[in-house]
Amino acid sequence: MTLLERFADPDLIVQMEFSQKVLASTYVALLGMGITFLALILLWGVIEIQSRLVAGIDKKTEAVKVAPKAKAPEVKAAVTEDLELVAVITAALAAATGQPMNQIVVKNIRRIAGEQPAWKSAGINAQFFKRM
Amino acid sequence: MTLLERFADPDLIVQMEFSQKVLASTYVALLGMGITFLALILLWGVIEIQSRLVAGIDKKTEAVKVAPKAKAPEVKAAVTEDLELVAVITAALAAATGQPMNQIVVKNIRRIAGEQPAWKSAGINAQFFKRM
Amino acid sequence: MTLLERFADPDLIVQMEFSQKVLASTYVALLGMGITFLALILLWGVIEIQSRLVAGIDKKTEAVKVAPKAKAPEVKAAVTEDLELVAVITAALAAATGQPMNQIVVKNIRRIAGEQPAWKSAGINAQFFKRM
Amino acid sequence: MIQAITNFYSSTGFSAIDIGQVLMIIISAVLIYLAIKKGYEPLLLLPIAFGMLLTNLPLAGMMDGAVYDSTGAMAQPGGLFYYISQGNKLAIFPPLIFLGIGAMTDFAPLIANPKSLLLGAAAQFGIYITFFGAILSGLFTAQQAASIGIIGGADGPTAIFLSSKLAPELLGPIAVAAYSYMALVPVIQPPIMKALTTKEERMIKMDTLRSVSKLEKILFPIVVTLVVSLIVPPAATLVGMLMLGNLFKESGVVARLEDTAKNALINIVTIMLGVAVGATATAEKFLQIETIAIIALGVVAFGFGTAAGVVLGKIMNKLSGGKINPLIGSAGVSAVPMAARVSQVVGQKENPSNFLLMHAMGPNVAGVIGSAVSAGVLLSLFG
Amino acid sequence: MIQAITNFYSSTGFSAIDIGQVLMIIISAVLIYLAIKKGYEPLLLLPIAFGMLLTNLPLAGMMDGAVYDSTGAMAQPGGLFYYISQGNKLAIFPPLIFLGIGAMTDFAPLIANPKSLLLGAAAQFGIYITFFGAILSGLFTAQQAASIGIIGGADGPTAIFLSSKLAPELLGPIAVAAYSYMALVPVIQPPIMKALTTKEERMIKMDTLRSVSKLEKILFPIVVTLVVSLIVPPAATLVGMLMLGNLFKESGVVARLEDTAKNALINIVTIMLGVAVGATATAEKFLQIETIAIIALGVVAFGFGTAAGVVLGKIMNKLSGGKINPLIGSAGVSAVPMAARVSQVVGQKENPSNFLLMHAMGPNVAGVIGSAVSAGVLLSLFG
Amino acid sequence: MIQAITNFYSSTGFSAIDIGQVLMIIISAVLIYLAIKKGYEPLLLLPIAFGMLLTNLPLAGMMDGAVYDSTGAMAQPGGLFYYISQGNKLAIFPPLIFLGIGAMTDFAPLIANPKSLLLGAAAQFGIYITFFGAILSGLFTAQQAASIGIIGGADGPTAIFLSSKLAPELLGPIAVAAYSYMALVPVIQPPIMKALTTKEERMIKMDTLRSVSKLEKILFPIVVTLVVSLIVPPAATLVGMLMLGNLFKESGVVARLEDTAKNALINIVTIMLGVAVGATATAEKFLQIETIAIIALGVVAFGFGTAAGVVLGKIMNKLSGGKINPLIGSAGVSAVPMAARVSQVVGQKENPSNFLLMHAMGPNVAGVIGSAVSAGVLLSLFG
C-alpha cells in the first residue's frame, strides 16, 4: 500500500505520522499544481494553433466572398421568405374577402418603411415554421 | 404459440425461417397501416360531425346574440373592473394625500386616449387578482 | 391507549362508539381552533412589536440621512459604474478604431437625454458582471 | 382474419371500457367546460380534468407502476403519470407552488393591519366543523376526515399537501371539490354575508391602511416562519416555502429567483401537480358514495368558514367602536384573491363609495397562513 | 518520479482512449458542424452531438451508474448523464416535448380539411416498409425493427419514445438518423414528388380553407385524445400530452401554462433529452454494422413515406375531380413544418401563384398523429 | 386539560429547541442580513441562509428521510429538503448551474489572450496551500481537506460539486465560506495586490485585445472540453457542461436553449441548490470546531490564490518586457466577475486612464477552468 493510498483512506490517515502527512500533502500540492498548469498550458497551445488556423480560414473565406456567387443563397432565402409571405397574405386576403384562394393573385409586396423588423420575421418563423 | 408471439420474442425470432419472417412482417405492416388508417378515418368522421354540430351551435348563438340580453354579462364585467379600478385609485389617492380613504370619493373615471391597453388590465389582474 | 390515539388509528376508529367519536372530534376541533388562534394571535403580537421597533429604526435612519455623510456610498457606486463605462467605451473605441487602448483616453462621459434607463444598466450588469 | 379482428378489438379501449370510465370521462368533460367556459380556476382545473380523462382511458396505463422481472431489473417502465404523481405522493409539488405564491403575494395589507390575523384564524372554523361532520357520517377515518375538512381552508396547495400525506386515496375528489368551491366563492359567500350582517354594518367605511416600510416587509416572512414553525412544526414546510418566496420578492436583491419562482417554476409544477391530481381520480376511486359526501361536506366547510369570519368581524367591529366592516371577515377563508373581491363587491352594493378590497386582502392572506397552521395541527394529530 | 508520471499518464484519457472513441468524437464534431453551419435541426442535434462527445471521453464516467457498498449504501453517485438519461429510459421526456409542441401547433388547417388525415395516415407506410426491410436484413429483432421503422414517422419525440421502450440499445443511431433526415427533407422529398406527379397535378390550385371557430379548436384536442386513445391505447401518452398542450393554447384561459409548456419546460426537457440521447451513443454501441443499416433504412423510410403520401394524394385528386394538389401528400410524413414548406416550394416552382403551405399543414400535423398511432400499434405488438 | 396543554407544548418547537438550533437561527439571520443589506452574493446566500433556518427548526423534519414499514412500503414520505438535496448528493445541480454560467460567459478575452490561462492556473495555488494547512491541522481527512481547499477555487458550483462527492458532511460550512469570501473579494484582495506590486507595475497599461472571430468562439468550447477532459477525466462533467452552455451561446442557432439555460433552468436549480446546501447545515454539523477551522482556512485560500496570481503576473511582466500589468493576476482566482473588477479598480487608482477590466476577464474565466481542473485532480486522488 503506497503512502498516497493510506493518505486517501479516511481510516488510515489518522495513524499516519506528521512527517508522512507533510510528505503526502506536498506530493498532492505538486501533483495538483503540476497537472493544473499542464492542462492549461496545453490549452494555451491548442488555442494559439487554432487561432492561426482560423485566421488562415478567415482570409480564404474573405477572398471567396468577393466572388459574386457568394450572394446567391442569401437572395434565395429572401425570395423563399417572400413567397411564404405571399402565401400568408393570400390566405389572409382570401379569408377576409371570402373569395377562394385561387382567385387571388398577390403580384407584388412592397414593404412600407423599408426593413421588416427582425422580431416580426422571427415571430413568424417561430410560430409557423419552427418546432422540434 | 402463435407466429406473432414467436416473432415478438427476441430469443425465438432468430430461429424463424425467412418465409415466416416475411409472413409476420407482412402481417404487421397490414395491421399497422390498417389500424392507422382506421383511427384517422374515424377521426375524420368525428371531426366532420363535430364541425356540423358546432356550425349549428354557432348559428344559434349568433341568433341569441342579437337579443339585447346577451350584452349584460359583458357590461357587468366592465363595471366590476371599473369598481376595482376606483378602489385602487381611491387607495392610491388616500395614500398620496394622507387623507383617510373614506374622505375621498372617486366620482368618475375617464379613460384618456380611449381604450385601456390590454396588457395593462392583464398586468393588474395578474398582479392583484390572479393566483392559484 | 388514549381516546385520541384510538381515534387516529384507522383500524380502531371503526370500533369506537358514536359518543366517543363526538368527544374526540370536539377535542380535535377545540384543539385545532385553539392552536390556530394561538399561533395567529402570537403572530399579531410579534408583528405589532416589530412595527414599533421598525418605526423607531426608521426615525433614527431618517435623522442620520440628513447628515451629509450618508450620500457618500451612492456617489462612490456611481463613480465606479462610470469608470466601468469608461473602460467599456475605451475598449469599444479601441476595437473600432484599431488603435491600441492605451492611446485612447476617455476624458468625460455625458449622458444624453438625462437619466440612463434602469434596464440598460441592469442589462450591462447582468451581462458583464452578474453571475453566480 | 376474424381472429385478427377479434385480437385487434380486444386490444382497443372499446373492449375494456366500463360504465365507470365513461362516467368519469363525462365528468372530466364537464370540468373542462367549467374551467374554460365558466373560468373556474382554470389554471388547475384544466390540467386536473385532462389528467382525469387520460387516467380513465382503458388500457392506456398512464398510472401503471413499473414492472420488474425476477432478477429485479426493470422489464417495463411505468406510465408517465405514475412518475409525475411521485411529486404529489412525496409532497414535493405543493410547497413549490407555495414558493411561487409567496413571490406573488403582497402581505402589506396584513402588516398594516395585523388584527386581520384573527379573521384569518376564525375562518378556519369551517375546517373543523367539516371534520366533525365527516367523522359523524361514519364513512371516513380520522385521516380522511381531516383531509376533507381542509377543503374549508380554501387553499388548493394546502389541501393537496395534507390529502397526499393523510388520505391519498381521496386526493382526486378533495382537489376537485376544493378548486370548484374556490371558483364558486362569489356564489357561496354573498348570501351568508348578507344574512349575518345589518345594512349599517355593510356600509361601514374603513380607515386607509398605513403605508408599510420595506424593512417591515422583509422582516415579515422571517418572523412568520419562525413563529408559526415553532408553534406548529409540521406547518414549517408550507409556511417556510411561502415565506421564502415572499422574501425573494421583498428583499429586492434576487429578482431573477423571484421571477422564476412565480413564473417558470410555479407553472411547470402547476401542470405536473394538476395532471397528477387528476390521474388519481380513477373510476373505482372517484365513483363512490364518499365522493358525494365530500362534495356535500365541502360546501358546508366554505359556508361555516365564511360565517365564522363574518361573526368575528361583527364582534371586532363592536369592540373597535364601529370601525371594522364585518364583510372583510369572510375573506379570511383564503381563496385569494376571490374572497377579498367578494367582500369588495358586497360592500360596494350597499355603499358605492365603499372600498374594502385592500382591507379584505389582510384577512385573505392571513387565511392562507391560518389554513397552513391548521393543516400542521391535523398533520401532527393524524400523520 | 517516473512512477508518478506513469501513474498520472494512466489516469489521463490519453492512456485509455481507443480508436472507436476517437471515431465517435469525430462523428460528434461532424454533427456539431451540421447543426451549426448547415442548420440541421440544431435544437436537438447540438445537444445530442455534445452528449455524444462527452459520453465517449474515456474515464470521464458521465454515464456510469451509482456504486453501492456491501451494506447497500451508496458509495459513489452515478455520472450526470446516468441520472439525466432516466428521463428517456422511463419515457418521461418525449411526452413533455409533445406537450410543448401541442402548445405551439395550430391544428386549424386540419380541422378545416379533415380529409388531410388520410394523407397523414398514408405517409406512415414508410414505417412499415422499413420495418419489413429491417426484419429481412436479419440484423434486428422485431423490437429493433419497429424502432428503426418509426424513423419513417419523421417525428423525433415519437421515435425516441418508442426506441426507449423497445430498443434502448439503438436509441443513439435512431435519434441521429431521425433528426438528420428530418433536416434533409428538402433534399430527399422533391425528386420523389416530381417523379410521381405530372406537371398539371403540381399546378393545381386549391380552394381557400374555411375559417375554423374557437369552439371547434377547443373540442379538437379532446376528441382526438378520446378517439385515438380508445382505438390504440398505447398511443394515449403521446397523443394525450400533445393534445393537452394544444388545449392549453386553444382554451385561451391558461396563457401562463401555455407559455411555460412551449418555452421554459420544452427547452429544459429538450436540453436534457438531447444530451441523454447523445450519451447513449457510446463507441461500442454506435460503431456497429447495425448503425449503417439504420442510416440506410432511414432514408428508405422517408422515401417510401413521401411516395405513399403523394400517391394517395393523386388518388384523392382523381376522386375529388381535380381539386387536390397531390404535392400536399408528401407533407404527411410529419417533419413539421419542413415537409409542408417543401410542398409549398415544389408547387410554386411550377406555378408561382400557387400557395400550398396552409393546405400542406393539414397533412403535416395529421402525420404527427399518424405516427403516434403507429407507434402505439408497434408498442402493443412488441412492448 | 393540563394534560392537553402539556401534550400540546411538547408538540411545539419550543419544547425541543436547543441552544445550538437557536445559534444556527441567529447565524442564518445574519447571513440573510449580509445577503440583503450588504449584497453578499444574494442569489445563493439568501436561499442557503433560509434553508439553514428551516432545517434548524425543531420537529419540522424538513430533512427527514422517508419512513418505510416492515413490508418495505413507504409509511411516511421524507421531508421536502430531503428530496431536493438529492440533487446535490447525486452531484446533479452544480453541473446544471455551470451550463447556465457557460451560456452567460464571454470567453473572448481569454481567446484573444490565451497566456491568461497561466494566471488562471497559478491562482489555484490557494487550493493546495489550504489543503496542506487543513491536513496539518489534524482535524480533517484528506477528502475533507480537499473539499476545504477548493474554497480557494473561488467558484461556488465547483466547491459544492467536490464537497458533495468527497465530504458531504462539511457541505454547509464550505459553501457558506466559499460564497462569503467571494463576496469579500474586494476586501481581501487589494492589500495583497498592493503589497506584492510596485507603483510602476500597477500603472502599466496593456495593449488592446484583438477581436475574436465567431469561428474561434465556436471552436473554443469544443477544444476546451476535449483537452481538459482528456488530461483530467473527472473534470469532464463540470467543464463539459460549462462548455455546452457556451456552445449554445456562441453557435447562435439555439437561442431558445441558451435563453432557458441562463434563465429559467439556472434559476430553478439555484433555488434548489441553495436551500439544499443550507439544509445540510444543522446545528450538530455546523457548530463544530471544524467550521471555525474552515472559515479560517478559507481566507488563507483566497489570500494565497491572489498572491500566486499576482506573483506569476510579475514574472510574466518581466518576461514580456513590461507589457503585462501584474494586477490582472489576482483575477485568476475566478470569483467572476468580482475579481476582475477588483483588478480594474486597483489599477485605476494608480492611473485613472488605466482600463484593465477586459484584460482581467481573461485570467478570471481561466480561473474557472483552472479550479475545475484542480477539482478533477482531487477527485481522481481521493474520490
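Points to keep in mind about this one:
Here the chain labels run A, B, C, D, E and F in written order, and each chain numbers its own residues starting at 1.
Note that in this section a residue touches a chain if its C-beta (ideal position, glycine included) is under 8 Å from a C-beta of that chain, and two chains touch if they have at least 3 such contacts.
Everything quoted here is computed from the prediction, not taken from an experiment.
Annotation of chain B and chain C: jointly contacted by D, touch as defined at the top.
Contact with both chain D and chain E is made by B, F.
Looking at which of B-E and A-E shares more C-beta pairs in contact, the answer is the pair B-E. Measuring from the averaged C-alpha position of chain B to that of chain D gives a distance of 22 Å.
Chain A and chain B have Cα centroids separated by 35 Å. Averaging Cα coordinates per chain places chain D and chain F 39 Å apart. Multi-chain contact residues of chain D (touching two or more other chains) are listed as 43, 231-232, 263-264, 270.
Multi-chain contact residues of chain A, defined as those touching 2 or more other chains: 31, 35.
The touch graph of these protein chains has some other shape, matching none of line, ring, star or complete.
Interchain contacts (touch definition given at top) occur between A-E, A-F, B-D, B-E, C-D, C-F, D-E, D-F, E-F.
Touching chain D in their complex are the following residues of chain C: 4, 7-8, 10, 13, 18, 21-22, 24-26, 28-29, 31-33, 35-44, 46-48, 50-51, 54-55, 57-58. For chain E in complex with chain B, the residues that touch the partner chain are 111, 114-115, 117-118, 120-122, 124-125, 127-129, 131-132, 135-136, 141-143, 145, 213, 215-216, 219-220, 223-224, 227-228, 231-232, 366, 369-370, 373-374, 377-378, 381-382. Of all residues in chain E, only 4, 8, 41, 43-44, 97, 100-101, 104-105, 156-157, 205-209, 211, 266, 270, 336-337, 341, 344-345, 348, 353, 355-358 touch chain A in the complex they form.
Residues 11-14, 17, 25, 29, 32, 35-36, 39, 42-43, 46-47, 50, 53-54, 57-62, 66, 76-80, 83-84, 263-264, 267-268, 270-271, 275 of chain F are the ones touching chain D in the complex. Contact residues of chain C toward chain F in the complex are 27, 31, 35, 80, 83-84, 86-88, 90-91, 94-95, 99-102, 105, 127-132.
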